[in-house]
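You will see chain A twice below: alongside chain B first, and alongside chain C after that.
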Partner chain A sequence: MRIPAPIALALTAILSLSALALPPTAARAQEAAPASPDPRVKFKDGERYLRDLAESLEIPRKEICLELSRYDCADKAFRIVLGGVDPYEIRIMQPLDQASLASPIAFDRVALQVCSNRVARDKADPATAVLFKPAAGRPDAAWREALTDRLYDRILRRGADAAERQRMAGFLEGLEARTGRSPKGQADQTLLACFALASSAEAAFY
Partner chain B sequence: MTERASTPNASRRGVLAGMAAGLAAPGAARAAARRKGGGPEPRFLIVLGGSGGCSIVDSFMAVRESESRNGKILNAWPDSLVQSPGNGPFRAIDFSSKTIGAIPAPFTANQSEFVKRHSQDMMVVTYTGTSVNHGVAEHRSVTGNAAWRGRTLQEATALAYGAGRAIPNVHLINGTAFTDRGTDDSLPSSAYGERVPAPNLWPLSLDGYRGVKGAPDRKLFEAARSFRDGTLDPQSDFARTFAASDRLKRWFELRGAPLRDIEGGDLITQLMVHPDSEDMPLKAFGLKSSPLAKKVREAFPAYGFDPIESQAALAFLLIRCGVASTVTLGPENSAVFNKGAALGRGGLSAGDMRNTPIAFDFSHQAHREVQSLMWSRVLSVADRLITLLKSEELADGKSYWDHSLLYVATEFGRSRNRPAGAMTFGSGHDLNNGALIVSPLANGGKVLGGVDPDTLMTYGFDPLTGRPDPGRNMTEAEVFSGIIQALGIETPGAGLPDMRIMRRKA
Partner chain C sequence: MSSGGVRGRTGPVAWAGVAAALGLSVVAAGLAGPANRAVAKPPASMEFCKIYPTAHVCAASPVVNCTTCHTVPPARNLFGEQVSANLAPGAARPLSDADFVAALPAALKAVESLDADGDGIPNLAELIAGSQPELASSRPTSASCTPGQARSAAAGRWNTCGYDPAHAYRKVTLDVCGRSPTRAETEAFRQLLPSESAWRGALANRLDQCLRTPYWLGVNGVLWNLANAKINPVDSIKAGPRAGSIPLADYEWDYNLFAWLNTGDRDVRGLLTGQDFVKRTSDSPPTFEPVPEDGMRALRQAGQTVPRDKRAGMITTRWFTTVNTMFTPIPRTTAAAAYRQYLGLDLARMQGLHPAVSEPADYDAKGVAAPACAVCHSTLDPLTYPFTRYDGIIRNNYNPNRLKNFVRTDGPRVVEAPEAGEIFGQKVANLMEWSQVAANSDAFAQKVVWDYWKLMIGREPGPADQAEFTLMWKGLKAQDKFNYRTERMLHALVLTEAYGRP
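Right, the complex of A and B next:
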């Protein structure tokens, strides 16, 4: 079948432009993500958030976050502030329409407690450590990269791309200058990197 | 045994003198700074939501049986139970009963003490509402039935007086529509209410760091936040993909100045009512209670188990510490009993039932008992809150109370009929009622409007002179306008009626 000349020209132009618009995979990964035409996200309420982290960080759900060692962060302390409902006790049938002023603060607090909890467990039992694994010698780029991979894998449940590894490495190096290279300094770096990732928008919303 | 709340008995002059002697006053300092900057003089609105229908003819406009031609078949009270404290315009019911309907729950209720203490600031305003649906009527009681583009009294107050306050509009009561957001979407987000579902634990949500064991130094924590906010999130595929999401935009906005204001004000301490204890081991976590906590706990000793006392305790601190310009509190819908109360064979002890199930609406089962008990409960909390606010100086020798207005909001009144001569009977919802406003800013010492003794229906008044007008019913919009005007809120273009008689000053 013959294709009329004008159509053939148009198809050629479209294919050429498409080729230009599709850079090699490696290069594409570094580009900005396209904006969603329908940018709907949901807040991962406290219970969902803690259940996910309990599983991925291997901490029993009931132990993962307790305010003052007594009050479960999602079920008791910050239930409504973190997007939950409580129809039976206080007749709140719907999650908050919008995040309250306290929501991001409470979320930070919960993320910090979870990370602190995990790092404390790792320090107490290095053989079963999940996040914090001290460097054999001086912490180097390989240690930072391995830590970054563990954090992304455990918290965001995906691999980090090259740019993300680079950014996290920069952050960890900056911290090292303030925390030192000792095991305690490494533990603090691990905890703070965990906090940054666990309280990120990607961790809070879906 | 009833756990009777004590009322702070320090004289106002003495406490004010103490303040002048150097007690830290973050709220007062902020108020002074605000005035130096030319801002408006502070005003505080306290909405005390009486869910279920606080009936005005069972309190300050009660009618005696001997005054009504239909006294035996309408809800006119026995003459001996209707007080006229100080021979002023307000009536009061002081009533004791061994039961609440069929429930063996003895109690003693008192309204006259409140009248004696606060009559100069009390203003009762008659009105007839537009709905007997709980949720609809509750919301209309704070929007004046959408009198001003649908914004609530609380939102209007937060907008006018909330500048510089970390959380201008705080909602402490749960499960009612007194705290539903208004329908005016043009307001800045700071004007809308912040929900505080658990007043005793909520202060912990006001600092992302303090009290978290094992956390590295705060400066390092802030560095991690900076990395997240400045690098991690802005450059993440997730945030870029959903950058236009309103939820994400608000989240990022809240992490900025609002978060800094809240944490910078050390509200985790300033608003902590609990002392260090087994239940709240603050010290072990590097935390402590508010410098004013002891005083607040003495005023509201049941703060640990009675929701309205925990709300009121926090309400005071929110105002006193310069955090909020309006607070909304009130009795909730669950039954509340004294600690240790048990339903044995002999029933509850005197005063063990502090809050009836479904609050005032339990009047469906036992009208007079519930109205008496619940009014007494609401007035007791109001009295203690007012007393606390009077005891603290804001500025220039004036107390916080001198700048405050307390509005007992409710949905509707209750039906007036009863079986002939019955003391225990149930009632339904009725549009006709009246509202209690207590404030040095309002035209106190007055009942505006009147009640027809033969029908027990209230009637209105002239908004400018206050002259009673039996041919008129006041509207929700007029009550709303009177409160807005008493608070001195500017209302350009709102078209609200002039309710001159409800303001203390022209």
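Right, the complex of A and C next:
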């Protein structure tokens, strides 16, 4: 049985993400602070999430995520499950207090679509590439390091610490074993590494 | 206890049947007559906060929920049982409201040191801290760090043990501007951290910039959505631009007024007392201006037809009276909506009950004087009378003789309904006085701050937030602090630990 390419890519992402699984404190950089005794993190919501990525990944907001190539992910397709409201038609006046069962699914779908969008644009116009820049020869540690810098800078708007660099390097090496070293394989690695950060708790909450 | 014998003879299944039958009998007895029945006392919700103003539940609202003493009223929870046992012992039941109110302080005092749920924490400590005295799994929580944790946190990227200015800066940018700060902005802000005045200035500047953005002030922006539950828009009856199939009124003007009164140097009490009618002149950047009175007629269904001296902010607009009053002579829904939306008191949850003497008079023959209805209608009906002179659908005007139109449908006594009413136990001559009492109440200030608190902090004020929440709403009222200016209050809110502690 032949698995369709997008599904294969998503499966690869799920398998590969396990390599990036972090202990609870590992996402914090520099020095570990104690866990907040009374954490007050908030969900960024679909609109703010896409605004941030549109700015960081240099994709016009109206083009960054369209379901069926027509429906804006935050404003139409996943409006309520991603924390929006619709007081006029379905009478939801305030964001849902609790995330719905579909929220994480929609969020992952949006993250994957945004990253796919950016990598596709990078492949189409390498001169203005933002994330995906193919290695001159074989992808090596320097290529992975540069990609890590771009991803953290663009998606989380900060530098990666040493532990994060190490984990990302291991993640990319693990991906390479599945995707190969070709430019297409490198693009897939870029896409999946982008997805890993764009779907992280740090990207979704504040 | 003899019931053990019953269980021993008949087995658990039969016992369950007996218990069910007994339960039904108790409920039936409660419905049938006063003898020995459990009775919920609406005044308790207000009296409790007079006795314990520092209790957590009283910080966000002047009333407590019925569940402080009851499971489902009139059934009591463990704490309610203790209070009941100490409430005027020996006195005949049911107690009158006056006797109940007189006996409540002593009854509560008597159970302060008891421990209803047996979790080792006295009732009073739980009430003050905000945990539930009737639930063993609910205990006061501490948000404090050890000195070692505090040192470690202060050196980390986020200070999880105290106010973290960089975290607050990121939150303000996201909450109010709708985007994350850029990496350069964050790094520039972090450079200011050694100087408290410098970072405070930068944080205040960022907030001021964001408060003027379309994301905050624009159509479908943050302030707009904050008003959704108050305005209750319905597209099918919308008039004006993008009119619905039955255009009756235009809610966009209500959103404009809400945004106008919540920005700049404007008094937010105008939500209940204001007389301006405000036009959105641009959405990028968002700008507003009051409509001159002589320009009102041209607005037709969208305009405001109530004379200026009879207007009470958001609660006399064409939209508000259209969707709430409709064709009702005594528009209880309108009063209840105003009470809930602007004072945070939901009569359906028995909040804010202040029974008036000789009420409900039931002028419109709706049967509200029946005992089961009178519990709430003795507050709701006098709360409603000041709204009776305001037309709903179609006319949307003030009409002192309005009730004459309803004699045929609602009976001859409907014209006897007075314009004077009562709010918070205070008599008022008309809606103008009603709105003044409401706008100057603690409940109004608490509701304004509560809405912003939920928006900015992401949850209702919790036990650890009590002191800061109280500072905010009292500050909103204080002339020398925020003086009813919500933007001033927001500047203080983003400096609270509740907001700035990760």
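What we mean here is this: the second predicted complex is superposed on the first by the 173 of 206 C-alpha atoms of A that agree within 3 Å, B and C clash if a C-alpha of one lies under 4 Å from a C-alpha of the other, contacts with A are read in each partner's own complex, and residues count from 1 in each chain.
In the analysis below, a contact is a pair of C-beta atoms (placed from the backbone, for glycine too) under 8 Å apart; a residue touches a chain by one contact, two chains touch by 3 or more.
Note that the structure is predicted; figures quoted are calculated from it, not measured.
Once the two complexes are laid over each other on the shared chain, residue contacts for A:34 go to chain B and to chain C alike.
Once the two complexes are overlaid on the shared chain, A:85 sits against chain C while remaining clear of chain B. In the superposition on chain A, A:116 contacts chain B only, with no contact to chain C. Looking at the shared chain after the overlay, A:162 reaches neither chain B nor chain C. Contacts of A:77 after superposition: chain B is touched, whereas chain C is not reached. Within the superposed three-chain model, A:141 lies out of touch with both chain B and chain C [touch as defined at top].
In the superposition on chain A, the chain among chain B and chain C reaching more residues of chain A is B.
Taken together, the two complexes place residues 32-36, 39-42, 89 of chain A in contact with chain B and also with chain C. Against chain C, in their complex, chain A makes its touches with residues 28-42, 44, 47-48, 51-52, 55, 85, 87-89, 93-94, 153, 157-158, 206. Across the complex, chain B meets chain A through its residues 166-167, 174-176, 181, 189, 192, 194-195, 197-198, 201-202, 204-209, 211-216, 219-221, 223-225, 227-228, 231-233, 235-245, 247-248, 250-252, 254-255, 258-259, 262-263, 279-282, 284-285, 332-334.
Within the complex, the chain C residues that touch chain A are 141-145, 149, 152-153, 155-161, 170-171, 174, 178-183, 186, 225, 228-229, 232-235, 457-459, 462, 464, 498, 501-502. If you check the complex, the residues on chain A that touch chain B are 32-36, 39-43, 67-71, 76-81, 86, 89-92, 96-109, 112-113, 116-117, 119-120, 163-164, 167, 171, 174-175, 178-179, 188, 191-193, 195-197, 199-202, 204-205.
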